[in-house]
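Chain nomenclature is as follows: A, B, C and D, assigned in order of appearance, with residue numbering initiated at 1 for each chain independently.
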Amino acid sequence: MITVLKENTTKQQRDNLIRWFEAQGLKVHISEGEYQTVLGLVGDTSRVDDGLVEALEIVERVTRVTESYKAANRKFHPEDTVVSIGDVKIGGGSFAMIAGPCSVESESQILEIAQSVQKSGAALLRGGAFKPRTSPYDFQGMKAEGLELLLEAKQETGMPIVTEIMNAEHLPLFEGVDVLQIGARNMQNFELLKAVGKTNKPILLKRGLANTLKELLMSAEYIMSEGNGNVILCERGIRTFETYTRNTLDLSAIPALREKTHLPIVVDPSHATGKSSLVESMALAAVAAGADGLMIEVHNDPQNALCDGAQSLTPAQFDKLADKVRKIREVIS
Amino acid sequence: MITVLKENTTKQQRDNLIRWFEAQGLKVHISEGEYQTVLGLVGDTSRVDDGLVEALEIVERVTRVTESYKAANRKFHPEDTVVSIGDVKIGGGSFAMIAGPCSVESESQILEIAQSVQKSGAALLRGGAFKPRTSPYDFQGMKAEGLELLLEAKQETGMPIVTEIMNAEHLPLFEGVDVLQIGARNMQNFELLKAVGKTNKPILLKRGLANTLKELLMSAEYIMSEGNGNVILCERGIRTFETYTRNTLDLSAIPALREKTHLPIVVDPSHATGKSSLVESMALAAVAAGADGLMIEVHNDPQNALCDGAQSLTPAQFDKLADKVRKIREVIS
Amino acid sequence: MITVLKENTTKQQRDNLIRWFEAQGLKVHISEGEYQTVLGLVGDTSRVDDGLVEALEIVERVTRVTESYKAANRKFHPEDTVVSIGDVKIGGGSFAMIAGPCSVESESQILEIAQSVQKSGAALLRGGAFKPRTSPYDFQGMKAEGLELLLEAKQETGMPIVTEIMNAEHLPLFEGVDVLQIGARNMQNFELLKAVGKTNKPILLKRGLANTLKELLMSAEYIMSEGNGNVILCERGIRTFETYTRNTLDLSAIPALREKTHLPIVVDPSHATGKSSLVESMALAAVAAGADGLMIEVHNDPQNALCDGAQSLTPAQFDKLADKVRKIREVIS
Amino acid sequence: MITVLKENTTKQQRDNLIRWFEAQGLKVHISEGEYQTVLGLVGDTSRVDDGLVEALEIVERVTRVTESYKAANRKFHPEDTVVSIGDVKIGGGSFAMIAGPCSVESESQILEIAQSVQKSGAALLRGGAFKPRTSPYDFQGMKAEGLELLLEAKQETGMPIVTEIMNAEHLPLFEGVDVLQIGARNMQNFELLKAVGKTNKPILLKRGLANTLKELLMSAEYIMSEGNGNVILCERGIRTFETYTRNTLDLSAIPALREKTHLPIVVDPSHATGKSSLVESMALAAVAAGADGLMIEVHNDPQNALCDGAQSLTPAQFDKLADKVRKIREVIS
C-alpha cells in the first residue's frame, strides 16, 4: 500500500503517521520527492481501511499494491478452484452448460425444456422462480410453486438446478436447489451474500451492471469469508451508453478474472445482449475467450414466454449452438 | 405505447396481435409505412409487459409513450408531495438539511455532532449504524448498538433520525427511527423495497450508481404500490469513467425528476464526490438547482472517522455552508 | 418517424404541424390517446432533422423507426460489402489479419516484423507513423519518415499497408498507403471524414471511445456520402468504469453491426485491452463472434517499444495466435 | 512516479531498471514488500512515457504521483489565470456570460439576439457558423457566410465573438473572431489543438463526451505547449447511461478543476441537458458551484431554430436567468 502525503506535511505529522502504521504491524519505507513524500507500507495491509487513511488531513492519496481480497486471490491460491455440483464440475478445465427458461411457467414447460437441453448437452438446468423485475407491475415469477416444478424437473432428468434467491428468509425453500444464484442487482446486497456464505451450496454470483471486477471479487470474498468457497463468477453484461444491446457483454472479464482469481467464470450472453439473434455469436466468443461455462436462456415457445422471451433461444437453436461450442472447446484446449 | 412491426409481418399475424391487444382493453391505431407498420396503443398500458411484446417474432421494437410508473408520476398527481417527519417538512417548497456522521462511533461523538449541526440549522440527524461496505474486512458499523446511540441523540436533541436499513429482518430494531434510508446498492433490492413499503415510515431512497431516473422512479413505485407514499428521492452520484471524484453527481436529476414526479428530491454531495473539499460547492449547486434538501456528512474529528472521513465536513465548515445555503434559497425562491 | 405531441396541443397547432410534414412529402398517420397524440410519419424521413422537430413547443418526443443512415444501411443494401486491397479481401466471408507495431521505429524493426507476421499469415501490415498521444510530451511518431519506412516494407514484402491519418493536409504524403486509418479520437472529426471520403482508398474507421454503433455508422455515412464506399468498421473498445482493462472491448458490436450494416467489421483487441496477456483470448473471441478481420499489435522487442509496448505480442505469440484463429474460422464457417 | 515490480523480478533486472531511471536524471527509492518491490521515482517525471515503463516485462504497474501536465498545473502556477478578451475578463474572480444562438441563420436573427443578450448582461456573443453534426444530412452551418454575419453583429454591438473552428485550414477565415472554440468531439484532435496553440487568440476548449478531467488538462497542455496560455476550459456534459438528459452535466468538474489548474472554467448547460426546461436550474447550479462563466443558447424563435432549438432559451428567459445569476454571484463571492 502506497500513501502519498501532501506537500505541506510537517515532519512531526509524518512521524506520527508512520508510528501509527507501525503499530499495526506494518513496515514503512519513505521516498521523499520534491513535491511529495511517499510512504510504502509492507506487511498484511488487507485489513487496513483505505478510507480511514485517506481521511487524514496530511494524506493526498492511497494506492493499493496488493489487493484487499485474499480468499479469492489467485496470488495466494494459484490452483484453479473446481466447483462440483453432483457429478458436474466447473473450473480447472471442466466446462458446463447451464440452460433453461428465464421463468418457470408450468410443469410441462420446464420439463420439456429440461429434457431437450439435456439431450443437447446442458449439464445444469436453470429457471427463475423468484424474479427480480424493474417494475412492480411485471410478472414476478411463480415463486415457491416455481421451485417445486424445478425440483420435479430435477427428479425427472437428474439435472442439478440453478435458480436465483433474492431474500435470505427464503433459504429454507431452496433446500433442494443445487446452485444458488445471486442476481446482478443483488451483487452488493451484503446481507444476502453473508447469508448464502453460511450455506454449503455452490453460489453463482453475477456481476452487477456497474461493478468493477475488483468489486465482484470483493463480493465473492464476502461469501468466502463466511466459509463457503464454492463461488462461480458470472459475467452478464455491464451498463454503458450503448442502447442497441441491453447491456455490453465484457468478455475481457474472462481472461482478466483468470489472472486475478482462481474461481471459475461463466458467461450469460442472453441477459447481456437481450436479443436472441446475438446470443450464439456471443456464446461462441465467450468459449473462445476461455469461459468455464455458459448460461443460456432456452424456451420452447419464446413468443409466449412470460419474461425476457426476446433473448431466448429455441431448443433447436440451442442444440446447434451446443454443437459449435464443443468444436470451439476442442480448438482452444 | 408504440409497437413497430417487422417488415415481413403478414396481415394475419398483424391482425392476431391487434386482437390480442384489444382483448386487453387497448385501442389500436395502425400506421403503415414503406418498410414498417407501427401500432399505436391507447388505454392503460402501464400493466402491459414490454418484454412480452418485444418477444414476439413479428415485433421489431416497443416504445412507451406514457411511463410505466403511476403512483410516482406527476402526470397523474400534479401536486408536489410533502413528506412530514414530526414537524419537519420536505418538498412542496419546504427544505431541510440532514446532517451527521457517516457512522455512529460513540455516545459522545453522535451527541456532540447532533447538537452542533442542530445549532447550524440541520433539521434531521443522520448516522450509519448498519454500514454497507465493499470489503467484508472493513468496519461494518456499530449495528444495534449504533441505533441505540442514535435514539439517545434523538431524545436529547429532539431531532428526527435518518439511518440505513439493509435487511428487512432488522425492521423491529428500527422501531424508533424516523426515516428509513435505502442505500444506493439496495435500490433494486426489490424484497427490501416491498418490506419498507409495508411500513408507514418515510423512506429516503438513494439512486443506484448505475441507475436511470426511470429506474429510480420504478423503485419508488415498488414502495408506493405497497401503500407507503412517503418516499424521498436522493441523488448521490452515478458511476462514470471519471476517477478524480468518487462518483459523478448528476444535478440535472433535480429539475428532470421535478418534471417527472411529485416526490421530493434531496442531494447527498458527500458520498457523490468523496472529497470534503468539493462538498460545499456541490451542496450550493444542488440548492441553486432546486433541491428540497441536502444530506451532508459532518464529523467532529474527520481525521479519525471510522469510515468515509475524507468526505466529512467539520462542524465549523457545516455551519458556514448552512449559512450560504440559506442565502441561495432566498435568491431562488 | 414517430412524433409524440404534448397533452395540451390544440387542434390547430396539430394541423399546422401535419401540413408542414406533408409539405416535405411525408404521409402522416394520427393515433389519439388519452394523454397524447402520436403522429406516424411515412416516407423518406432520413433527411428530416430530429432536433428541428423536437424544438417545436408542442412536441414531446421524436423517435425514429428507420435509421438516418442510408448508404451504410443493410436494409437498403442487403449484400455484404467486400473491400478489396490489392489481392486481399475483407468482408462477405473473406477474413484478413492486419498486424504490425504500434509505431514504426526503424527500417530494421518494421521490415523484420513485416516479414515475420507475413509468414504467420497476416495479409496487411499496420504501423503508426503519425501517432495521436494524450500528452504533448509523449512520442508522436516518426511522421513522414515513418511513412517512408512503411512503404519500403511494403515494397520488400508486397504487403499492403494500413496507417493512421490525423490531418487532411497530410493526404499527399499518404499517396502510397493502401488503407487510411481514422483513429478513435477522430471518429467524429467530420472534416477529416469528408476529406478521406473524397479519396478512393479503403478507410478503416475506428469506433470512438464513447460512441454508439449508430454514431459509428453515421460517421461511415459521412465518408460514403462523399463517394467512397470502401469503409471497414473497427471495434477497439469503449470507455466504461472498469479500470483493469484500458477499455472494454464490445464484441457484441460484431453481430449487432452485422444486422445493421453491410460493411465489414474488424476488431482490435490490442488497444482495447492494453495488456498483451489478454490479447489472444480476445482475438479468438472476436473471430468466434464472426469478425471479418483482426488488427493486432506485434513488436519484435515489446520491452523497448516506443509506445504501447505493454499490449504488443511477440512474433512468436502472434504466430501461435494466427494458428488458433484459422482453426476457429473453420469451426464457425 | 511509482513503479511496482512483478513478484519474480530478479535482482539484476531490477538493478538494470534502476540504472535506466537514474540515467534520466531521476532518483530512485526502493520499498521491498513480501510480494512486490516498489520503486519511487523522484525528479522531473513529466517527460517519462508511462506506456514505455509499463511495457517492461518486470513491471506490474505504474502510478503517477505528480501529474504529467505542467503548464496547466496549479501546483506550478498557483495564481488564477485571467483570460482577457477586449475589456472582458474571465477567471480570477471575473465572471462572464456568453450567449447566442446555436447556429447563425440570418443577419436579422444574429443581430437581434446579440442586442437582446447584451442588454441582459451577456459579455460575449456566441453563434455557430461551422457546425459539427452527427449526420452528414443535417444542417452544417452557414460556414464563411455565418462568420461574416457574426462579425457584423460584433461591429454593431461591440461584443467580442466566440465561434467553433473545426479545421485548421479555416484559420484565415477566423481572423476577426475573438475566441476560438474547440468542440467536444475535437477535444483530442491533436492537430487542431497544436494549430490553435500557435495563434494568440483565447481558446475555449470543451471537454469531450467521454474524457476525464486529466485528459481535458492534457489537451489544454497541447495548446499551451505551443505558446498559447489563454485557454478557457468548458464543461458541457459527459456521456452516461442516463437517457432523459442528452448528457450528464458534471458540475463537480468546477471545484475539481479549480484544485488542479489555474485556468478559468465555464459551463454550457444548454448542450449538456439538451432541454430548455432544465437550462436555468443547471446554469444557476454552475454559478453556485463557482463557475467563471456560462455559455447559454438563446434564440429569438427557438421553435424554428435550424439546430438544437429544443435547448435554446428565449431572450426573455435569458434575461430572467441573468438576473438570478447576478444574485447568486453576490451570495457566493
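Convention: contacts are C-beta pairs under 8 Å (C-beta built on N, C-alpha and C of every residue); 3 or more make two chains touch, one makes a residue touch a chain.
Quantities reported herein were computed from a predicted structural model and do not represent experimental measurements.
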item	value
B-C or A-B - the one linked by more C-beta pairs in contact	A-B
Chain located farthest away, centre of chain C as origin (C-alpha)	B
Between chain B and chain D, centroid-to-centroid distance (C-alpha), Å	31
Between chain B and chain A, distance of the C-alpha-averaged centres to the nearest whole Å	26
Rounded Å distance, chain B centre to chain C centre (Cα mean)	39
Multi-chain contact sites of chain B, meaning residues that touch two or more partners	210, 239-241, 243
Touching residues (chain side chain B, partner chain C) in the complex	2, 4, 29-36, 38, 40, 42-43, 61, 63, 65-66, 75, 239-241, 243
Complex contact set, residues of chain D against chain C	46-47, 49, 51-52, 54-57, 68-69, 132-139, 166-169, 185-186, 188-191, 194, 208-210, 215, 218, 221-222, 225, 239, 302-310, 312
Contact footprint of chain B on chain D as seen in their complex	210, 212-214, 238, 240-245, 248-252, 254-256, 259-260, 272-273, 277-278, 281-282, 284-290, 324, 327-328, 331-332
